[in-house]
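Dropping the structures in below, format is structure tokens.
One chain, subunit A, links the two complexes that follow: it is found with subunit B in the first and with subunit C in the second.
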Partner chain A sequence: MSVFTSPTIPNNVPAERETSRFQRPTRAAGLLILLGVGVVVALLSLRFGSLTISTRDAWNGLFDYNSEVYEQTIVRSLRLPRTLIAVAVGGALAVAGTVMQGVTRNPLAEPSILGVSQGASLAVALSVTYLGMSAPGQYLWMAFLGALGAALLVFAVGSAGKGGASPVKLALAGVVISALLSAWTSTLLLLNEDTLDTVRFWLAGSVAGRDLDILWTVSPFLIGAVLACIFLGHQLNVLSMGEESARSLGMNTTRTRLISLFFVILITGAAVSVAGPIGFVGLATPHIARAIVGADYRWILPYSFAIGAILLTAADLAGRLATRPAELQVGIVTALVGAPFLVYLARTTRVAD
Partner chain B sequence: MGSRNRVPVGSRTVATRRRVLGMAAGMTTTFALARAGMAHQAATPTTGWSFTDDKGVTVELDQRPERLLIDVNAAAPLWDFGIRPVGVFGWNASETGDFGDAGGNIDPTTVEVAGNASEPVQLEKMAAVDPDLIITVTWTPDNPNDYWSIEESLLPQVQDIAPIIAMSATGRADVNTERFAELAAALGADVDTPELAEARERYEAAKRDLESTAAERSDLQVLFLYVDSELLYIANPPDWADLAFYQAAGVNIVVPDAEPGSFWEELSLEQALTYPADIIMSSSRPGTVPPEEFATHPSFGAHPASQAGQVVPWNQDFIMSYQGMAAAMEHLTTTLNESEKVT
Partner chain C sequence: MALESNVYPTPQRPGHRTIRTAGIAVRVNIRALTLAAIAAVIVAALVVWAVTLGSFTIPFRDVILAILGRGTDDTEMVVRSLRLPRILSAVMVGAALAVSGTIFQGIARNPLVSPDIIGINTGATLLAMSAIIFGFGSALVPVAAFVGALVTAVTIYLLSWKNGISTNRLILVGIGVGAVVSAGSTYLTVKFPVEIVRPAVVWSMGSFYATTWSDVVLLAISLAILLPLSILLMESLRTLQFGDIMTRSLGVSLERTRLMLMVVGCALAAISVSLAGPIGFVALIVPHMARMIAGPPTGSVLLFTSLLGSIMLLASDIVAQHMLPVTLPVGVITGAVGAPYFLFLLYRSNQRA
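What follows is the complex of A and B.
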């Protein structure tokens, strides 16, 4: 954290001045409540689903597992992985989205605006097509590299020319590079249907049927980057005052953006590796958090994590309960909820310059 | 993340589901209605060529079509009846020449490929084949706009290339097989060859064997399904021409809780034990869980058929020729003979 803090940056920027509405104890209590809600939703996600399972079996599936009991196997081998993945991916993508919106000062920003998920998708498609990889454990590292490569490319293009990486230039570069990477992936998939069959499932964006091992593999990156991002609050507050103000306060805005984006890349690459591209959470959650807790990123970030985890877990649970005995992919549920929300957002929010 | 990124994926997901489902929705009237259209076949002109398909559509041409462009699912049975298409297309086509289990005996080196799983209809390639006639199958004979592999929005453009004939893939496989024989004969194939006579004998023998084995092993319940990483689809026998045929032969097939015409009951993987059975016949389409992975599958591992190792592949794209149906029936008979009652 100290790497960001320049001694000349005042500690008390406008967003950090406490208002009567948002006192520190209230915010802390709110965060605790949200974390509690998150735990409850996660437990509900273990307890309820397509199959009717008793509370006892759900409990035993976790703590006193008997592999002979089918219901316990379901809890342990199907519901536990998807719940953990939904919590981790939902929370992490929400934090990444918040950082993206702070860094680019664009309320419609989310991780994919930097081409990160497109880069990951392309890397997977390439490694399946040309390197013959077929297991998620093999191509997850490629997804990671792809995410990193895409973001570096976007940043290189966005930083070129006078004035360095401005939000608008970054966003434009992101749009262009994303389109390019998507087109390349589509071309690969169209030309090679064997690739298609292998990565189709991965590209669909889901928390169901995913391998928990992949989550464990990426968890050091995920946890490290999420924690780092949560401590970025002060820097984002300074950035939120605008480029000129932030610089006049002594912040090296380019360096701050680069470091922030590095963590966003880590988070998104890891999340995409585990669950494929999942939209909406990274976009919507920061706004919900802001509505609850105000403009201070030091609070928005942890709130975003809790809300994102709750949202994705709840969406997955809703998808399982809405169409019993079948189920809806979480990506479909988030899209159904996300589209109207995006319209609402576009109509009510003034996009920062 | 962004909707832009999801476009190729989303359309593929839809496409795959279509492919899985094998038909579009809306099968409301009966199959017999479409069959009624065939009665008009007698009223065709004496010069030129005409054929009334299973949608009741009569295609009339000045002369017998020579250059045929056929969907893989229709090309495989027609191949067995001696038809050699110039090109193939459709969900199961592939530039690699690997048409999966749907391809049957087709020699991929002899045909142009004008479609694949992500783009079943490639208009330019189809036009380049310059066909006299396009043939595909239909899972909904009563729906005039639903052709297998041909998206409805592309239908007019495909029809501009050549007239389309659709052969029923639903109903009863034995009936459909005879229809493919009729079509092959109408297209000029010699259906009285010794090879075909032999194939027919093998088919009849396979049918008799299946009937006698099914009678002996009527205690064995067979579950036909498609399972991928996220969902489980239980085949509804009345909708599947092969399963309806096996049912008529006496095979005890699990009937799920599905609407007629829906082809499947869609279930969560958590519902793997909803239908206990002694044998699981699992779709061999790409992307499905392979039979050998059932025993260790998170939910199917507990299914009695998985635990007994009685999971075998099912060619969901069953081939409606004597050779194709004989092989499918022999596979089922062997499975019934080799399986034990475990429920």
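What follows is the complex of A and C.
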């Protein structure tokens, strides 16, 4: 059953048929193919940009670096960081989105619903306005703290009272707190034109102009939480059967949800603080993965990672090529690249029926 | 899907009274109507209070005289041509947004939906921002916003059509198209110099600057048609909650019902956004507040919902305009004003659960 199917609403697609659309070897092969596509896209991302670099220089830039060759320096200091960041952030956001949709059983849930993006944005706007910061490396920790703080607040509010945290209450608390935080951000942007001028680029979401140091700094959170999430597939499968079924199978649904959301927050906080709020990847990639591989979260999660990484890297590459020598922010391009595909899938596959 | 109607404790139809006259029997929800009457009194009080506030305070007695046309020339000019249009617009836009939100959450059977699922705000924002940035003149901005809203809505509807509309396909296509359109707006904000972008950003936060009597008349006519229509359509909205298949087997013409609801919901939201810009929060959160207070949406509850929307938006506009050291767009404030009350309701519903 997909997350679209409420247990009370009869579904005209028999569950077995949907889950067994592909056999296990086919799915594994598909993952390998995606991996291949990812490597190709990453290599293209090293080669193309405002300056086209030969495959040889790209290769040498990675493995046989000679700092006297201009092209190799570009590969090493500019293209490699942004490619790695795009792969990591894209894959991570996609996994976080999948877990989020699985845990809340809502196809519209995305990681930023927990207030994470708005918290990070407010922290960045504050840092720019009052601490005079102006580069992504400087406000990395501020953004991360803002993201975590906002998520904590959402949890505190969503689970206040006797009832505890239910997905709907959490989501609504998240929406409200996000509205509050973005009100503060908007106020700062309106009152201070310099802040608007700096922060608007961060708010558009980008992987350019960041050192690899930024990625290394957050990598313990990012890698740990993504790995943990990829192994949540079985739990998400059980949760997708509905609250009551999951409980009667012996699952402590509240604990599972809390643990999953904790990882989602870590991932999203780290991703946002590196690349700014990039929408769409976390929201749309799970649907794309589900349309390709079926309803089994054990497969959806790795597929999501691969598709998200490819999507963001390809979007970054396309943003560099579309308006050469200027660049489009990757947050803008992801939608342009991914949305037609999502619409196509929504029209052709069973997922949306 | 996560919207279960028992998410919030709902009264077991207390306070319902059946009124029988010759040939017709109408069941009336006395409780919801009482709440609506109380809300109407609060709206009226807020309107009068809002008229007294401004760069110079007009005493309560003079306000009443000016509204009745018996004041001095000065107060009549200020009250009638400056303050009243803005205040009445806020009242009516609040009502329109709240009703529109109720309709779309009902159609999608999803508590996280706002009229934006069919692209109303994103489409309006893209065209209105273009009109502002390319200097088409302020008279054309509302027209551009209205056209943008409708074109996006029709595009999403047509792209979702495949032997009928499936709700989930509509959500997915809405995400895709909405992402592309708002990527366009983000592109505009990073592409142009900050002093050109700033007014467009201010518009995109939603405000009642420069509302005139012609806006008020337009809103009043639209609401006079659309609000009674929405109240009549609430019964079919309740039927839709059983899911597509059950609705069909109950003998309801699914596509026609849903199309009618959507046209009404779109019209309400499109008129609002074209006159006031995209004001968040009201359409998303007020339906939940009304449900927590008065129960699931019916005709009489909808009346209360619309008045609650008016209270929310007018109170926010009072705060945005008069209560802060700087004047802010109302859209920045709605979240801040609505949040505490919403959180209180959420806390109380948790206590009961």
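Just so it is clear, the second predicted complex is superposed on the first by the 278 of 353 C-alpha atoms of A that agree within 3 Å, B and C clash if a C-alpha of one lies under 4 Å from a C-alpha of the other, contacts with A are read in each partner's own complex, and residues count from 1 in each chain.
Everything that follows uses one rule, which is that contacts are C-beta pairs under 8 Å (C-beta built on N, C-alpha and C of every residue); 3 or more make two chains touch, one makes a residue touch a chain.
Just so it is clear, the model here is predicted, and its values are computed rather than measured.
J.: Should A:304 be classified as contacting the first partner (subunit B), the second (subunit C), both, or neither?
T.: neither
J.: Determine, under the contact definition given at the top, whether A:166 touches first (subunit B), second (subunit C), both, or neither.
T.: In the superposition, A:166 touches subunit C alone.
J.: Quick one: is A:180 in contact with subunit B, with subunit C, with both, or with neither? Answer first, second, both or neither.
T.: second
J.: Count the residues of subunit A touched by subunit B and by subunit C, then name the partner with the higher count.
T.: C
J.: Could you say whether A:157 touches subunit B, subunit C, both of them, or neither, answering first, second, both or neither?
T.: second
J.: After lining up the shared chain so the two structures overlap, which partner does A:190 touch, if you call subunit B first and subunit C second: first, second, both or neither?
T.: Both partners, subunit B and subunit C.
J.: Classify the contacts of A:98 with the two partner chains as first (subunit B alone), second (subunit C alone), both, or neither.
T.: In the superposition, A:98 contacts neither subunit B nor subunit C.
J.: Please work out whether A:235 is in contact with subunit B alone, subunit C alone, both, or neither, and reply first, second, both or neither.
T.: Once the two structures are laid over each other on A, A:235 reaches no partner at all.
J.: Should A:51 be classified as contacting the first partner (subunit B), the second (subunit C), both, or neither?
T.: In the superposed model, A:51 contacts subunit B only, not subunit C.
J.: Considering only touches as defined above, state whether A:313 meets subunit B (first), subunit C (second), both or neither.
T.: Neither partner.
J.: Same subunit A residues contacting subunit B and subunit C, which ones?
T.: Shared contact residues on subunit A (touching subunit B in one complex, subunit C in the other): 113, 179, 182, 186, 189-190, 193, 196-197, 200-201, 203-204, 279, 329, 331, 335.
J.: Mind pulling up the subunit C residues that touch subunit A in the complex?
T.: 1-4, 7, 110-113, 159-160, 162, 166, 168-169, 171-173, 175-177, 179-180, 182-183, 186-187, 189-190, 194-195, 197-198, 201-202, 205, 242-246, 280-281, 284-285, 288, 326, 328-329, 331-336, 338-339, 342-343, 346-353
J.: Please output the residues of subunit A touching subunit B within their complex, sorted ascending.
T.: 49-51, 70, 73-74, 77-79, 110-113, 116-118, 121, 178-179, 182, 185-186, 189-190, 193-194, 196-197, 200-201, 203-206, 208-209, 268, 272, 277-279, 282, 320, 324-327, 329, 331, 335
J.: Using the touch definition up top, name the residues of subunit A that touch subunit C in the complex.
T.: On the subunit A side, the touching residues are 4, 6, 8-10, 12, 104-109, 113, 157-164, 166-169, 171-173, 175-177, 179-180, 182-183, 186-187, 189-191, 193, 196-197, 200-201, 203-204, 279-280, 283-284, 287, 328-329, 331-336, 338-340, 342-343, 345-347, 351-353.
J.: Name, in rising order, each residue of subunit B that touches subunit A in their complex.
T.: It comes out as residues 1-9, 12-13, 16, 94, 96, 116-119, 228-231, 266-271, 273-274, 286-287, 298-299, 301-302.
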